[in-house]
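Labels run A, B, C and D following the written order; every chain starts at residue 1.
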Amino acid sequence: MPPAHPFDFDAVDGDKLKEECGIFGVVGVTDAANFVALGLHALQHRGQEAGGIVSHDPETGFNSARRFGYVRDNFTKQSLMETLPGPLAIGHVRYSTAGSKGQTAIRDVQPFFGEFSMGGAAIAHNGNITNADALRRELIERGSIFQSSSDSECIIHLMARSLQRNIPERMEDALRRVEGAFSVVAMTRTKLIGVRDPLGVRPLVLGKIGDGWALSSETCALDIIGAEFVREIEPGEMVVITAEKGVESVRPFRPQQPRFCIFEHVYFSRPDSIIGGRSVYETRRQIGVELAREAPVDADLVCPVPDSGTPAAIGFAHESGIPYGMGIIRNQYMGRTFIEPTEQIRNMGVRLKLNVNRALIQGKRVILVDDSVVRGTTSRKIKEMILDAGAAEVHFRIASPPTAWPCFYGVDTPQREKLLAATMSEEEMRSHLGVDSLKFISLDGLYRAVGEAKGRDSKCPQYCDACFSGEYPVEPADMIQKGFQMKAAE
Amino acid sequence: MPPAHPFDFDAVDGDKLKEECGIFGVVGVTDAANFVALGLHALQHRGQEAGGIVSHDPETGFNSARRFGYVRDNFTKQSLMETLPGPLAIGHVRYSTAGSKGQTAIRDVQPFFGEFSMGGAAIAHNGNITNADALRRELIERGSIFQSSSDSECIIHLMARSLQRNIPERMEDALRRVEGAFSVVAMTRTKLIGVRDPLGVRPLVLGKIGDGWALSSETCALDIIGAEFVREIEPGEMVVITAEKGVESVRPFRPQQPRFCIFEHVYFSRPDSIIGGRSVYETRRQIGVELAREAPVDADLVCPVPDSGTPAAIGFAHESGIPYGMGIIRNQYMGRTFIEPTEQIRNMGVRLKLNVNRALIQGKRVILVDDSVVRGTTSRKIKEMILDAGAAEVHFRIASPPTAWPCFYGVDTPQREKLLAATMSEEEMRSHLGVDSLKFISLDGLYRAVGEAKGRDSKCPQYCDACFSGEYPVEPADMIQKGFQMKAAE
Amino acid sequence: MPPAHPFDFDAVDGDKLKEECGIFGVVGVTDAANFVALGLHALQHRGQEAGGIVSHDPETGFNSARRFGYVRDNFTKQSLMETLPGPLAIGHVRYSTAGSKGQTAIRDVQPFFGEFSMGGAAIAHNGNITNADALRRELIERGSIFQSSSDSECIIHLMARSLQRNIPERMEDALRRVEGAFSVVAMTRTKLIGVRDPLGVRPLVLGKIGDGWALSSETCALDIIGAEFVREIEPGEMVVITAEKGVESVRPFRPQQPRFCIFEHVYFSRPDSIIGGRSVYETRRQIGVELAREAPVDADLVCPVPDSGTPAAIGFAHESGIPYGMGIIRNQYMGRTFIEPTEQIRNMGVRLKLNVNRALIQGKRVILVDDSVVRGTTSRKIKEMILDAGAAEVHFRIASPPTAWPCFYGVDTPQREKLLAATMSEEEMRSHLGVDSLKFISLDGLYRAVGEAKGRDSKCPQYCDACFSGEYPVEPADMIQKGFQMKAAE
Amino acid sequence: MPPAHPFDFDAVDGDKLKEECGIFGVVGVTDAANFVALGLHALQHRGQEAGGIVSHDPETGFNSARRFGYVRDNFTKQSLMETLPGPLAIGHVRYSTAGSKGQTAIRDVQPFFGEFSMGGAAIAHNGNITNADALRRELIERGSIFQSSSDSECIIHLMARSLQRNIPERMEDALRRVEGAFSVVAMTRTKLIGVRDPLGVRPLVLGKIGDGWALSSETCALDIIGAEFVREIEPGEMVVITAEKGVESVRPFRPQQPRFCIFEHVYFSRPDSIIGGRSVYETRRQIGVELAREAPVDADLVCPVPDSGTPAAIGFAHESGIPYGMGIIRNQYMGRTFIEPTEQIRNMGVRLKLNVNRALIQGKRVILVDDSVVRGTTSRKIKEMILDAGAAEVHFRIASPPTAWPCFYGVDTPQREKLLAATMSEEEMRSHLGVDSLKFISLDGLYRAVGEAKGRDSKCPQYCDACFSGEYPVEPADMIQKGFQMKAAE
């Protein structure tokens, strides 16, 4: 789904897939909500549209705040944070929901909260439930009243109807009915709970902070609060954490071969995070190295498309021996959206954010390294800017394979027909973009860069790479119902 | 003067000198204010606190809007821009004013406007008037009423009292009474006016857009509106521009040897700007090259302090052959200020914005390249983060000489005693920062990097480098009156 | 429950009972939400804290907006009203909810909405459900998730769980489970629905506007939209209205002797409304006449406590022949609340809103006519102001009997022990207030003023007068559970 | 000048003349600005558009705040008032300025402030300077820069250019150059200053509060702060007040026969104020008595047009013996303006604020008492509402003579041709309004009601009644320059 406004910050970054959520929780610290706010700030790249925090305090019970906009603009204020007391809190940042018509309403902003007979619970969900439509119909039929258009709300209603006597077991009940990808952080009055789906599509890590514990989408958010990274929550694992008893682990699901999202390595996660024991920065640099080996080209300058192409460009430059330089300068003062913008602004597009370093580019054969090509719109504009500035040649090197299939596991992708690689061959794309050469890293090359020395195991792939391969590890039931055509079996 | 709040965005960037203003004007285009807004957006790095635009339209006369905050948050809105019609407009972004007690009031935000008997005029000023206090006393004695605490307001009052019959000549009269550094963009009902002081301390460039003309602090702002860079306004030159007659040039001042601010090359200007015929990016990269020659060190990684240290780090890595890498990751979602922040936030400091790429740093001997050291506060924090992450050695390489003297020409510097280099030798600074080595580029090395092959001409320096040398090309009269001690003659 | 802030507008009016809600709905007109906004503006005296509107449009479905503050500040804006299209809409204004801890959250603001398998429905409720706590526990036990702390939300959950196949019948099911006082306006995609409880405690009237229909708490809101008053909805009646078929009436409840709230005549309703075929203004004037007969006193001036005492004062003056005059002047510019007020403001109290007309009062024996005495706080302050201004005597005449019992049917009353008349005799109250005489109208006198020539039928009272008599027509089950002591049987 | 928006609160009240300002100052109390805020709140009826306060504190010097909107919404907040410390403060509320094109800018909001060589001064002005245009041209010619479009700013520039050595004497100098009507409250670092023009057109009173002193447009604002009314400042008097020396009085102007504005008695002042030793309420009641004698009519009901017609209606009813009743009910929740209102709202007009009490009016012969008729627009609408409600006859009785001339002394009046009485005879007006009878009080009757037993002295009128008589006590020089035609000498 394209962003609401054609020339907001996202439009400039618009040729990207969008992670939909970041989640964070902490227990056993003073003023837990402050830590959650910091954690969400560090996870802001996973969702910029809105954020929410729920905390629990023995005296005032559950409290919550949900706001549109950046964490730093809302959840740093003393006056707001004072309304979120207590030693236990969870939070969520989001981009947008599958299913919401038009813009997100504040009621779609997580965490979701439910009052059960044994007490309240709040949940924050990263991922996407692929059978949410069917579950929703069933729940409404039985008398549940939905307050949001979010697929994630099903979980809390399933919990409300569970016959189990305690909340963690109700959550197990609920999640066993749910299909798709989910990393969940939840809380009761005393417990912090974390779960990953059996495939482990979305990340979730555990940290230790003083006598307390933290759960986070990524390790970079542990760093900001000064927590120590303990380990990843494993695919199919559920942890129930209290300040007193520490971490208890259960396995509510039938075991499966994990399929972690490989695009987290390519683009979603922050370069300073550690995933699956690997530095994301180093992986991306290595993708650049692989790319330089797979698709070398004689040129004068390796130039990243800022900022996501930078590590791969550094790797490409290092491997190829071609000088690295900042051919494109990013305006640090771009914000996210323009409310009621002038016609002028609407026509500016990428120039509002990027400017070519003309003196560096002029007369040079330039290799532009970008992380991915989705619709190709931004790539075309950047190519034009580079040529206008007098580049002799423009070569695109892309740090991921062609993105030819939509993601149904918690990532915002255009409809399949909008994906450039769904309708064009590599040569057609090169011609469409109007560049001298265009090369994507191979799927095997990507697997090598993430540490799989032998490349992709095509029988039993080590990652979810559906966006490249069309091989979906969980059938997207709701989408098939709506007419989505799976890749024909070969 | 330290920023108002100790942990806002500026505090994180706090160990920097701050350019106080960016100015922009355009004539001969439809809806000139829209172009000015874009230009100011591209000049936002020169002043983030507030901005203002004045436009003139034959039907509605002069209109103005002044706002706190970023250009993109204010001057992109249709509803505001519609109040600024007409083919002629000027604008200003500012950081803060010498003289305002506490925070800037909206009345201190430029452009300033005055109604004279022959019509109105608006002016926007980049620089600082070193005899403003004396002028102000004299003007008040004669019955002028000041509306702001800005030194720049003197200019408009001097114009109001001039006996000349037209506004450009009144401006000449006024500027001949003024001492210090000034680049001015002004407008009457029909004319766009640009002036630089005889030393040419602050930049000002001329561009052509369609049938119209633009004046800008930097060329990067010409790029954003699609204007062609024509030439710099020369030191001591005044241009009077109309859509009909084009550019007329006069020389109101006694000629002097130009002394352009060398720190514009080091830090203030955007890397994609061209100054004095030189690419700022290339100059900075060259500083890194010089630095690698002057102060080599055996190490494993060259790492920029983002983002201002990046070009010099690239140059240093290239010259030294040591690999370049992103050891410090910047959070893209940092804003400028935290209103009523929590205690937690107040104690976070630099960690809110920067995180160490631990996997890259660990065990390595790291060269950190930064543009300057002012008070040394941020440098210390960054060093601690790097060491906490397991670096084996930390070597600072600074892309400017020691900053030992305050600037009185339009840059916000701490009082002299707060400048680390004013009270410590290089070795004392190294020890204070707690790093394995600390080296600044030499003054001659810096001059070589900006293209002066023979280095600095100590008899007649080619640039204003008072912040390094203590040699002030214009006597800071007001400051001396307030007790500032000039460097003793040698 | 006392107002949140001790010196807001309500504090000045603080010695009043507060109606908790006004409801309004319309079907069969273009842009129904605009009519609802006007209707709610006319009903603003019934609830000033917040308001909400839900509309339905065949193209965009259900839309809603809920806002804190006055109707005129929110629901008059083009930009908001454009989001509420369609020929069918309902709305609600509210004061506060029994049950919400601290301040009302936006999620407590009605109308409430539920999506059922046969489509959505929205409801707006005026009154109070006396068994809401028990219902809520039962619904949660079965898996319903409540989103608000409002008793009214029970209705929509009961509807969600009904086995009936259409929404009006589900509403019948739901309301048969509910005890207490309720006037309800509801809507489906095509139907406007109105219901009154069997006792008809709260008002609800039907109006005709063009080809459409309106439901309103009071007739004054029909006047503002230019609708013709048709009739009252009868106690125990449910009307289902469509633009096509007009009004269909059903009787879902077992018939009972109606008990309309007599305090609506005394204070809640607007003087220009017609209730039970009687003008509220005329009733109040007649109360003044009765009071002058029951409790005459020799004096120089009849002075209303503005504004609610005015009609009774006019009646009192007319009957007694004593001149009528404005001895107390109201500041028209008082708003509702002071956010973070100064100490000074906090100590001002009633003087911020009322000032004595000293020249009129001085030396006079003054009869002050007020509608009611609740806690007596404002009455004391007014007495002091009058005496400070030099009145010779002060006589209070109150247009209602002593308020000795709380209301549990949708009116915000202090706890019983805070009611002056619950703990003091009339003479004790006189002495407490420090006035020369204090007289309340008798219960029989009040019944005569509302047209019951023979006064109150003590066997089978014609009205609900529980706040005066302690005789509650519906047992307040939740409150008894919480410890409320009913009046001992005599 | 009509209000900016055709259907705001003022439009509903739109057929009124508008006082343009209220002024207040206090010295010798702790936190003087708080007292000024309260005083301005009590004077809000004199100007609702904006307000400003300047205070002085020995430590922080002069501080000021200017805001659009009601005093109670701005100047009651702790956070704002803390920025206005000190024992001396003045303030101003305003409606709008002659001269400002379109809406008032914040820079037009008083008090105005000037820094002179001997220190700063702030002034607040109620009235209008009739030679302001000429003064402004002269001052600009000499180099003064005006910051506002307000006529009042001339005073501060004239002060800046005075050769006197202290501020009170500079103010004398300035005011001797000024023509027209002015009551001024001003302050230096230590002195509170009050001045009335020689004719004493606008009011100004002196009060005592503890050891301090207050100056106010009206006595009702002394009441709210608990100050004792001392006396009026006399026409042509200047008082200079310090906490230490108390009140010193000087007479800077040539004595003249005073001409206080008689419309202050009719409409502008609050009924609880005392002017010239007379109660405004009592004067208005007496106007009603005179009117009943001058223009009796056989009818069933005397009904005020709320709220300004109420005292005269009470007097009329008392004198005529016809019952008094509230035939028109005012909605207490009307605000001042509707931002971007819907079409629906735009067409509502007076019905948004007033509703007819149909049950009272029906079948009756109604006397409507209003304070004045300006353009007649509201009168027509009210007449229609009354007839629609079934009145048998409608008789207008107006508590002032026909308003046939604009005011140039600080009151906002329509251009002469918009005044109904400027173009129509009384009978033509009656026919235009479509009522059964229409009578205005005679000029002599009005003078009798204000206590001049022999009526108006046509040789030497005791009041300024230019709006009725066309006899202007000060020649409106600027307006004559702009083409205004004075009444021909008879």
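In this text, a contact is a pair of C-beta atoms (placed from the backbone, for glycine too) under 8 Å apart; a residue touches a chain by one contact, two chains touch by 3 or more.
Computed from a predicted model, the values in this text were never measured in an experiment.
Chains making contact with subunit B as well as with subunit D: none in this assembly. Most remote chain with respect to subunit D, judged by CA-atom centres, is A.
With centres set at the average Cα position, the gap from subunit A to subunit B is 37 Å. Work out the mean CA point of subunit A and of subunit C, and you get 50 Å between them.
With centres set at the average Cα position, the gap from subunit A to subunit D is 62 Å. Shared interface positions of subunit C, defined as residues touching 2 or more other chains, are absent. Touching chain pairs in this entry, ordered by label, are A-B, A-C, B-D, C-D. Taken in their complex, subunit C has these residues touching subunit D: 31, 34-35, 37-38, 41-42, 44-45, 48, 70-73, 76-79, 81, 220, 223-224, 270-272, 274, 279, 281-282, 285, 307, 310-311, 314, 318, 323-326, 329, 331-335, 338-345, 348, 351-352, 355-360.
Residues of subunit A touching subunit C in their complex: 114-117, 137, 140-147, 156-157, 160-161.
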